[in-house]
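The following pair of complexes shares a single chain, subunit A, combined with subunit B in the former and subunit C in the latter.
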Partner chain A sequence: MKVSYYPGCTLRNKARDLDIWARRSAEALGVELCELEDWQCCGGVFVAARDEIATKLSSVRALAQARDRGQPLVTVCSACHNVIKRTNQTLRTDADFAAKVHNYMAQDPNPIAPYTGETEVYHYLELLRDVVGFDRVRAAVKHPLTGKKIAAYYGCLLLRPGKVMRMDDPENPRVMEDFIRALGAEPVVYPARNECCGGYVVLENAQSAEKRSRTVSASAAGHGAEMIVTACPLCKYNLVKSGSELPVVYFTELLAEALGVKEESYAE
Partner chain B sequence: MQRIGVFVCHCGTNIAGTVDVKAVAAALKNEPGVVFSADYPYMCSQAGQDMIKEAIAEHRLGGIVICSCSPRMHEATFRKTAAAAGLNPYMVEIANIREQCSWVHKDMAVGTEKAIILGKAAVAKVNLNTPLTPGQSPVTKRALVIGGGIAGIQTALDIAEAGFPVDIVETKPTIGGKMAQLDKTFPTLDCAACILTPKMVDAGQHENIRIFSYSEVTAVKGFVGNFEVTIKRKARYVKEDVCTGCGLCTEKCPQKKVPNEFNLGMDNRRAIYIPFAQAVPKVATIDPDYCMMLKSGKCGVCSKVCTVGAIDYKAKDEYIEEKYGAIVVATGFNPISLEKFDEYAYSQSKDVITSLEFERLTNAAGPTQGKLLRPSDGEHPHTIVFVQCVGSRCEACSEKGKEYCSKICCMYTAKHAMLTRDKYPDTDVYVFYIDVRTPGKNFDEFYRRAVEEYGVHYIKGMVGKVSPEGKKLHVQASDLLAGKQLHIDADLVVLAAAIEPDRSARPLATMLTASMDTNDFFTEAHPKLRPVESPTAGVFLSGACQGPKDIPETVSQAGAAAAKVIGLLCKDHLTGNPCVAHADELMCNGCSTCERVCPYGAITYVEKEFRMPDRTTKLRRVASVNEAVCQGCGACTVACMSGAMDLRGFMNRQIQAEVDAICK
Partner chain C sequence: MQNKNERRREQILRISGVNPLKCMRCGKCSATCPSYDEMEYHPHEFVYMVETGDLEPLIHSTSIYQCLSCMACVERCPRGVEPGKLIEALRLTVIREKDANHMTADTIPAVIDDETPQQAIVSALRKYTK
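Let's look at the complex of A and B:
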């Protein structure tokens, strides 16, 4: 099947691992990720102010392009996913916001037809769970990660706000644990898995963010994990920077490894 | 055309102050059918009523219109007056010229004009009135109480004491309900079992009470005074009338790994069991999900050890049918599932428990013989955190928990905290709350004792997260009054889970056609003035099935429900309201719309033979109204698309005539 794909800026730089293994794995699973044309940065943060329109327009353009192609839109970065899904939801539920967005969009050189949230937005994990199915993922695994104890780290953006993201229970999620099981490894459930890594606070108050991240990695290590997986470049950055004793990898890399599409020759 | 008399009341100056009553009487004199018209200062007084009676006799009146106050005030009075004068009481119409006219107008001319119009409408209606006679139905002098907790037990005892037979239907193998699981009761701290079990014994031994334990109601037919109920008696594989409750079988049964629901799964019982020592009836029950004999035919130990031969592996579910005059719902409550509140780590740690589990842990008959020990390792906890409002008072948009206050948690948490500090002074006890709500006799004093005498740390604020780390539970919370974050390493966390109606309530409400609110609590007929009656005639409410309640309140409501039942069962016959719906079978097209809108389940459809013009007969499906059940709300008459449904006393053409009179 074909889906529209929105990688996001970080996946072109720091988080190339997240992107490349997502693409290779999708190919192996029979899903064609059709990258959007001329996509723009999502802004990184969903601004909650109701009258803030301009920072959400790049998301609207991406969503409208997917609609015009008749495809669902797939993202893999937690932050992009959060911004795009929430923008989509606001367009669905807030007619006033949608009208204002349309007024802005009408000024584009090639204006699009008014967009009011028609596109379905999937996180790559949702694609695996709901469209491909973890059973098919399990069947496609060539090198099961048997015996590995892996801690899934959700952070905050992937699941919250729960009512908008509609991905999993924000307090007791299981999608990543099920994913880890599908790859043959053993998930480690630890209390800090849905705590914040400190996020952008690292720019203002590095110490505070470091403390948050340490809590997460220490909690995972304390519960016997050998490795932490995440879907968020910022989480990875903060965890690594705070000196996590456990390796932190993107979930797509783990997937590619299990599917046998990870080339050892790949280097940054 | 009727011979109509009009009587205009002054109500002192209440009406006459803004309505020219003489002008009203004069104007209505000229209306079609009116042969007599007069005014009087107080029509409801004895002299006024006498004047009406005399006019009825003298002018041979066939209908009367009283222009006075609201029919809610004096319709019954004037109907009695008419009946005393030999007139059918339903030939009386009230034109409300007080509440809806004189009281709301200041200008005499406007008030008078409106009073005349209202009077004309009433005259137009009386012209089409027909005499109505209320029907009568007999009353079965036996009551059914559904649910055998403290609410059901108290209701049954009160009804039985008044001399009427009562049946209690309880789904569990014993009566006693939630109260049987509690340790102490607030605010007096007397032990729950000590005050409950004598009542259970009373109920078990009362000559007027039959207990159908391990049973459920599966069908309800009929109406007030005449309910027909089917009760399923689940197979317990032990002959109830033979078993002596000696308990030998429960000691010898080799299947030892059955989670004990009475202790909320914190220990195990056998496959054949008696829930607790004071169970009523004290009879063993075999759990078919775990019994090896029932599952694979291999075992039979209980049958071998039973000295009286009470075991019957071949027992089947039995259905019994019984008639009742009144039904009391006492289905009670349950704590909510904490699945959506995993920030408190209930699913992750054995040391995060609910308040009901805490009751079992501190109960001398519980899994730890009353010693407060951590479920994970059996060690004595030193730091205990209580969290109130877990799932109560949630925002409607939060999609988890309940919007309402569960009402009992503040008090039982204060009780738990106080008892813990009393028994184990070496413990640190924290209680996190949104508000402490302790109205009730001696309730606030009780809570203040916990704070002031027992040194419980009450902290306004909520717990954000509980993280099991090693042997500790790391509690992250906010102290709103100090404006700071708190981190507490606790040994035990106790969650005051919200309470919700028992799951059996919803299907039962459907069977009884009793209404429920959005939270599945039964709705009362009037929130203030009829709190123990359901809007469905003959169905009464007792205890937490109607809303969260503590024990004193439950017992009061149970007694009130019993009083209502006794009042009903004292009557030999029930007089119906003749203003009920009636289907014109020739016009009815059998669409079932009325059946669906009827809130009382008064409408059924019957197959009936009709003669056709060509002398053949045809079977048609038509609506049939049970007049004893119909409350005369009129919903069906509005819903009926073919105009077949009509309400006696408020016929469509009567109402049309009123509207025409007003618009003329």
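Let's look at the complex of A and C:
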């Protein structure tokens, strides 16, 4: 099956691991990730204010391109996913916003047909759960991660606002735990798994982000985890920078390892 | 002065879409806020102070830069008030003023290291500049 793929700027730079193992694993699972052409940075974080239009146009362009290809749009980075899904939802529910977006877009050199939220947006985890199916993932595992105790770290971006993201129960999620089980490992549930790492505030108030992140890694370690998995480059950065005693790994790397595609050469 | 304050208040309500009158002052938003200790004014106080138009203290407080946009308060408010959106709108009315950007590209190099993801930089600039 073919899906449109939006990697995002960080996955082309500091988070290449998140991207490369997502691509390799998708291939192994029979999904073709067709990267969008000329995609632009999502901006990293959604600005909820209703009069913010221009900052959301890169998401609109990505969504419209996927629509024109007749494909769902898949993202891997938690932040891109949050921004693109919330923009899509706003287009579906706020006619005034959609009209303003169309006015902007009409000025593009090659204007697109008005876009009002038709595209389905999947996070890679949703793709695994809802399209591929965790049973098929389980069946494709070559090196089960038997006995590994892994803490799933959702952070804030994957789950909230719950009414918009609709990925899982925002207070008691299980998609990452089910993913970990599919790979043969043992998920560790701990209280801070859906609390924020401190996010972009690391550049404004580093101590604040450090405290947030330490709370998360200590909570995971205190519940017996050996490793933390995340889908977010900024979560990973903040956890590692704050001195997490546990290794922090992208979920796609874990997947590639279990599927037996991690050994192959790194070159694209 | 009075007018400017009232205009700002209207703008905050309009662009956030928040209705502070729905708040029942339970304090759950502040109890769940991960930045509580960093703030002089807390989410439930933002809601009340915007309701009453007591904006001056908020505008000058560093509290508006401590919000992580984590949406915990938005998710957990039993009345659907969405305090995080109100704080964001308030911050926007401040940084959108002339020369009021809270961060500039020049200040970034001092706060990043070799591992800082691009995501952190674009997010901070989006939240702290216009």
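Observations
Assume the second predicted complex is superposed on the first by the 263 of 268 C-alpha atoms of A that agree within 3 Å, B and C clash if a C-alpha of one lies under 4 Å from a C-alpha of the other, contacts with A are read in each partner's own complex, and residues count from 1 in each chain.
Simple rule for what comes next: a contact is a pair of C-beta atoms (placed from the backbone, for glycine too) under 8 Å apart; a residue touches a chain by one contact, two chains touch by 3 or more.
As the structure is a prediction and not an experimental result, all values here were calculated from the model.
Applying the stated contact rule after C-alpha superposition, one finds that A:V141 touches neither subunit B nor subunit C. When the shared chain is aligned, subunit B comes close enough to touch A:S219, but subunit C does not. In the superposed model, C is the one of subunit B and subunit C that contacts more residues of subunit A. Judged by the touch definition given at the top, the superposed model places A:A28 against neither subunit B nor subunit C. By the document's definition of touching, neither partner reaches A:I53: not subunit B, not subunit C. When the two structures are aligned on the shared chain, A:E204 is found in touch with subunit C, with no touch to subunit B.
Within the superposed three-chain model, A:V189 lies in touch with subunit B and out of touch with subunit C [touch as defined at top].
The intersection of subunit A residues touching subunit B with those touching subunit C, taken from the two complexes, comprises 162, 171, 195. Remark: subunit A residues 8-10, 13-15, 41, 43-52, 55, 77, 79, 156, 159-162, 170-171, 195-196, 198-206, 208, 211-212, 215, 232-234, 236-237, 240-241 touch subunit C in the complex.
By the touch criterion given at the top, residues 162-163, 169, 171-172, 189, 191-192, 195, 219, 222 of subunit A touch subunit B in their complex. Touching subunit A in their complex are the following residues of subunit B: 339-343, 345, 347-348, 397, 399, 465-470, 474.
Against subunit A, in their complex, subunit C makes its touches with residues 14-17, 34-35, 37-38, 65-66, 68-72, 74-75, 84-85, 88-89, 92, 102-103, 108, 111-113, 115-124, 126-128.
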